[in-house]
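Presented below is the structure to which this report refers.
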């Protein structure tokens, strides 16, 4: 077991997959200089043919990755900051997500598009988005959002092996974290399978990416108050492992969905709607969302810092659900 | 010259296959057998065939919304194309793509995308893949004068140039994007002049002259195969039909203009060349008869083919759907 | 009162606003030729300076509109088919939606971006999207989706007068409709205000754009079965008039949300989540969604036609909600 | 020549204001008063000032992520710029934008956008607006060598050319996009050569020579004011600092390369020109002293200014929010 930092875990995932499969290669801005910290050493090991620095041309670059995938390569593309997905939206949706369908299965587009959600970083409105929810409505895309170092590595490896296009969202707030990972065995996790990160009996808290650790911290506080919280991390936003959530809520009868994305149109909204629709009669109280309010992100730290879900706001929501459903 | 004779015969055959295939399709549209609209190419057959003939079935090609002719030019069989227009399960896309996506991957097609300009990055990526795989394959990327204004044009040509990719950007300049004349929306008379802005060769060619197109394309293919990088070719051509058959006619062009171009019909012109070159009438008649038979058989095949099972609607969204898709 | 077709109503809205305000002008593809039917006569009345045909360059064109708006113009941009918003996503989100916020109120971007949702039209996967839900999570955008001829005209006029960027979604399935509109008085509706299109006591049905008339038809059928349906049309997706919905559901205790968009990440999901969260104890049964399943749209009519919400599927959902909550 | 003397003095003053303003900002960053990172421009002052000086305050300008200097070049006061870097309510954006958006609209700024390439369409639109308003204003659009690879470059230049818009596209080619040399991602040696592809004049100019930049820019502005359309100018320049101050240093450039450029420091070079031209030392000293005072006052103003009320976080999302924003 070696202690590995979040970004190094991502690097290791890519390196391992590149060793395993000669079709895997990397494209991105400033990869060779390891600007963002997750490509250190890869140029030396794999050479410039498999570690390609690209021009600023996000839409074109996604299309290039898609085209390369269609002829048998397995590109892993680093778009760096998530907001740079916007210029690439057309190639992501119209080409990567749709080609297999349109051509009746004649082709497939196994690409991984990595990007970092750079929120809570003083980076202002154009760099701080958490846009996974925007792509949720597009069929054909898989969306992954790991919540810790282990998952980041294991899910990135799974994404690279997956046959479908995957949007892989990295939470900037996890960049500084580290964990002990086995160095003798391979770690990999299936896409589409949620993790019960903590078991509990009273409330189900669903949380995404960087908010999972906040939910776990809230669970700890609430434990002291006699409330037993189950924390579910979907790991994959799409496909979303609804069954694991429903099973949990059937047990607890209470539901809080935490999502660092903007509230309207969030994954929290989606899972709250699904829970309400599917197992309404299991619910003992109104399901609640803990999200970022519908605002752009301001530069000044004092305005930004209170916007995102926090341990406190999660705990408060749990208390509210408990209060609304005192055991009869 | 037997070889050149047989090549010429093949050019003639393919042009005629395009013309008659589309005539048959339009008839099916008018009879209500085909739904929607058809973007047809009469007038552009020489550009298509001249561009495709220098390629093998292993080389790649990307088409557009107006690409019934392109797979035929690239040597596809007619039956599964016609079945696709008819929405049958025997169609190249099992009925899922239809007229704007008539792509036969078995002859190197990588899709015919109806988002204008979205094919250029895909072609560029295929060329990158081929270069990495060192398989000598070349990618031919068709696009229109309208598409030349999209940002993807610029992003793609720049990347192809810096990486010296084996790709040929082939602009079919038919003078219009739907109703809008290129002279009003394209800032240069010859789109090919833009090649200089990407340090690649640019060629303007008479798109009604299949031999001229063939010659310039052959040069570009050889350059690409030698590893010297991309080329930009602009063929000046014309579509006789409306933007799409099935839409109401519009009057942005004069009857004289259309008539002037019809005088230089590429099939008529090439037939004269063949005669002068010594191909005798019976040989030409035999080609025509064979094409007619093929087209008739394709229509029969299509009309007799079944529709896909409705359950197939949900296939091909993912290679590996992981969880069952929810129904509405 | 004159009988006015849906597309003519849109044209009239633009013409009236152009007469009223010299800053209003139109940009779009093939406007001058009136290709899509909503710009007839405008070139003649307002001249080419105010009716501008643009090149195919959606991202650039949205940015041009934004820039013109920032210096005091009021552009109304026709992007034609909604899927062509994808290439323009960056300028829509990063520039149009965010500029006012980023610059602390120093500027504003009053543009209207029209686009048609071309579903149920045999146009296959790249042309059939209903992507309003994708933009729901972006603060700073207003999103309008009218459900009939009157609303289309009145809401387009309001959108043109609005000081914020507005995405205006036109439902292709309404193109063929017509209604009597007053020709002596101006019609205009406020943005952000839902309409109760039919009053009822037992179930609240929320429906968007083309699905409103289906909901009204379902309500009629259900009336015969003794079920009284209230139909709410939000008119504006963003801001969403949540209060009108909550008031209605407080009264009826039952909720069905109909949305022609894909189910996951839909506006239906959002409103179901909000209703569940806010007035859980008013609900007598699980709220239900009636949406398009999470699939791309196939070309073949027999596969496409059953995908969207229908009068029958809406009625079935209402019956289900009623059955789940028999009056005690 | 008194006039030219005063113009030259003003050029020198503005260059120095940029240099010293940024030096002060970097000091505040290092002291922890400014949060995040600063994209600074030492080395590029002559390109900025030479480009801006021919414009009046009524003319427009669009900047980039690296645009502390551009508003100063365009004659903005220093206080509200410094306050913005410090996140204060007295800042140009009331603390919402920060370093990457340092736009003072009162001197014609139309935003400084941190999505690379996204400013080009906005500038194009401002020029369209000015042309429609017939107010004779010109728009200056800054962008980098990295930005030149974005599709927006192509879309914008094409539109500006066909509509003969009064806009000047000004590329500050500092040789790098973060760590990536232009020679690896830009397919031509001189980006200005691409002007031919849009039928507009292209100029390459020594970006360290403020008079040379001024001369070529003056020509382009005159052309624009005469209604003859856009120009593309490429200034060869260099940034001495890292991509951003506050990020770890990288080693994609040699110390010799940096030193070589420092030898041609634009301020030093121009100071020599001034001396040779007869400006005496006391005049120069007076300018320097005044600039120092201005910068010191700006720092003081910024540091003494209050933060915005946290409630302002929710302002400026919309001009007219219609409904109260929901909180999380």
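Each chain carries a letter (A, B, C and D) given by its place in the written order, and its residues are counted from 1.
Throughout what follows, a residue touches a chain if its C-beta (ideal position, glycine included) is under 8 Å from a C-beta of that chain, and two chains touch if they have at least 3 such contacts.
Please read these numbers as outputs of a predicted model, since none were measured by experiment.
At the far end from chain B, in terms of centres built from Cα atoms, lies D. The chain pair with the larger count of C-beta pairs in contact, out of A-B and B-C, is A-B. Mean C-alpha positions place chain A and chain B at a centre distance of 40 Å. With centres taken as mean Cα positions, chain C sits 36 Å from chain B. Mean C-alpha position of chain A lies 30 Å from that of chain C.
With centres defined as mean CA coordinates, chain D is found 45 Å away from chain B.
Residue positions of chain A with contacts to 2 or more other chains are 54-55, 57, 59-60, 83, 86-87, 90, 94, 101-102, 124-126, 139-140, 240, 264, 289, 294-296, 298. Across the assembly, chain B contributes 93, 95-97, 101, 113, 115, 118, 149-152, 154-155, 158, 162, 184-186, 317 as residues in contact with two or more other chains. Listed in rising order, the residues of chain A touching chain C in the complex are 59, 83, 86-87, 89-90, 93-94, 97-98, 101-102, 124-126, 129, 131, 133-140, 238, 240, 261-262, 264-266, 268-270, 272-274, 276-281, 283, 285-289, 294-296, 298, 324. Contact residues on chain A toward chain B in their complex (touch as defined above): 25, 49, 54-55, 57, 59-73, 75, 90-91, 94-95, 99-108, 110, 139-140, 142, 162-164, 190-192, 236, 239-243. Residue ranges on chain C touching chain B, taken from their complex, read 29-30, 32-33, 35, 53-60, 83-84, 86-87, 121-127, 263-264, 289-296, 298-304, 306-307, 309, 313. On the chain D side of its complex with chain B, the touching residues are 149-155, 157-158, 161-162, 184-188, 193-194, 196-200. Residues 35-36, 87-88, 93, 95-101, 113-118, 146-147, 149-151, 177-180, 184-186, 250, 252, 307-308, 310, 312-314, 317, 325-328 of chain B are the ones that touch chain C when the two sit in their complex.
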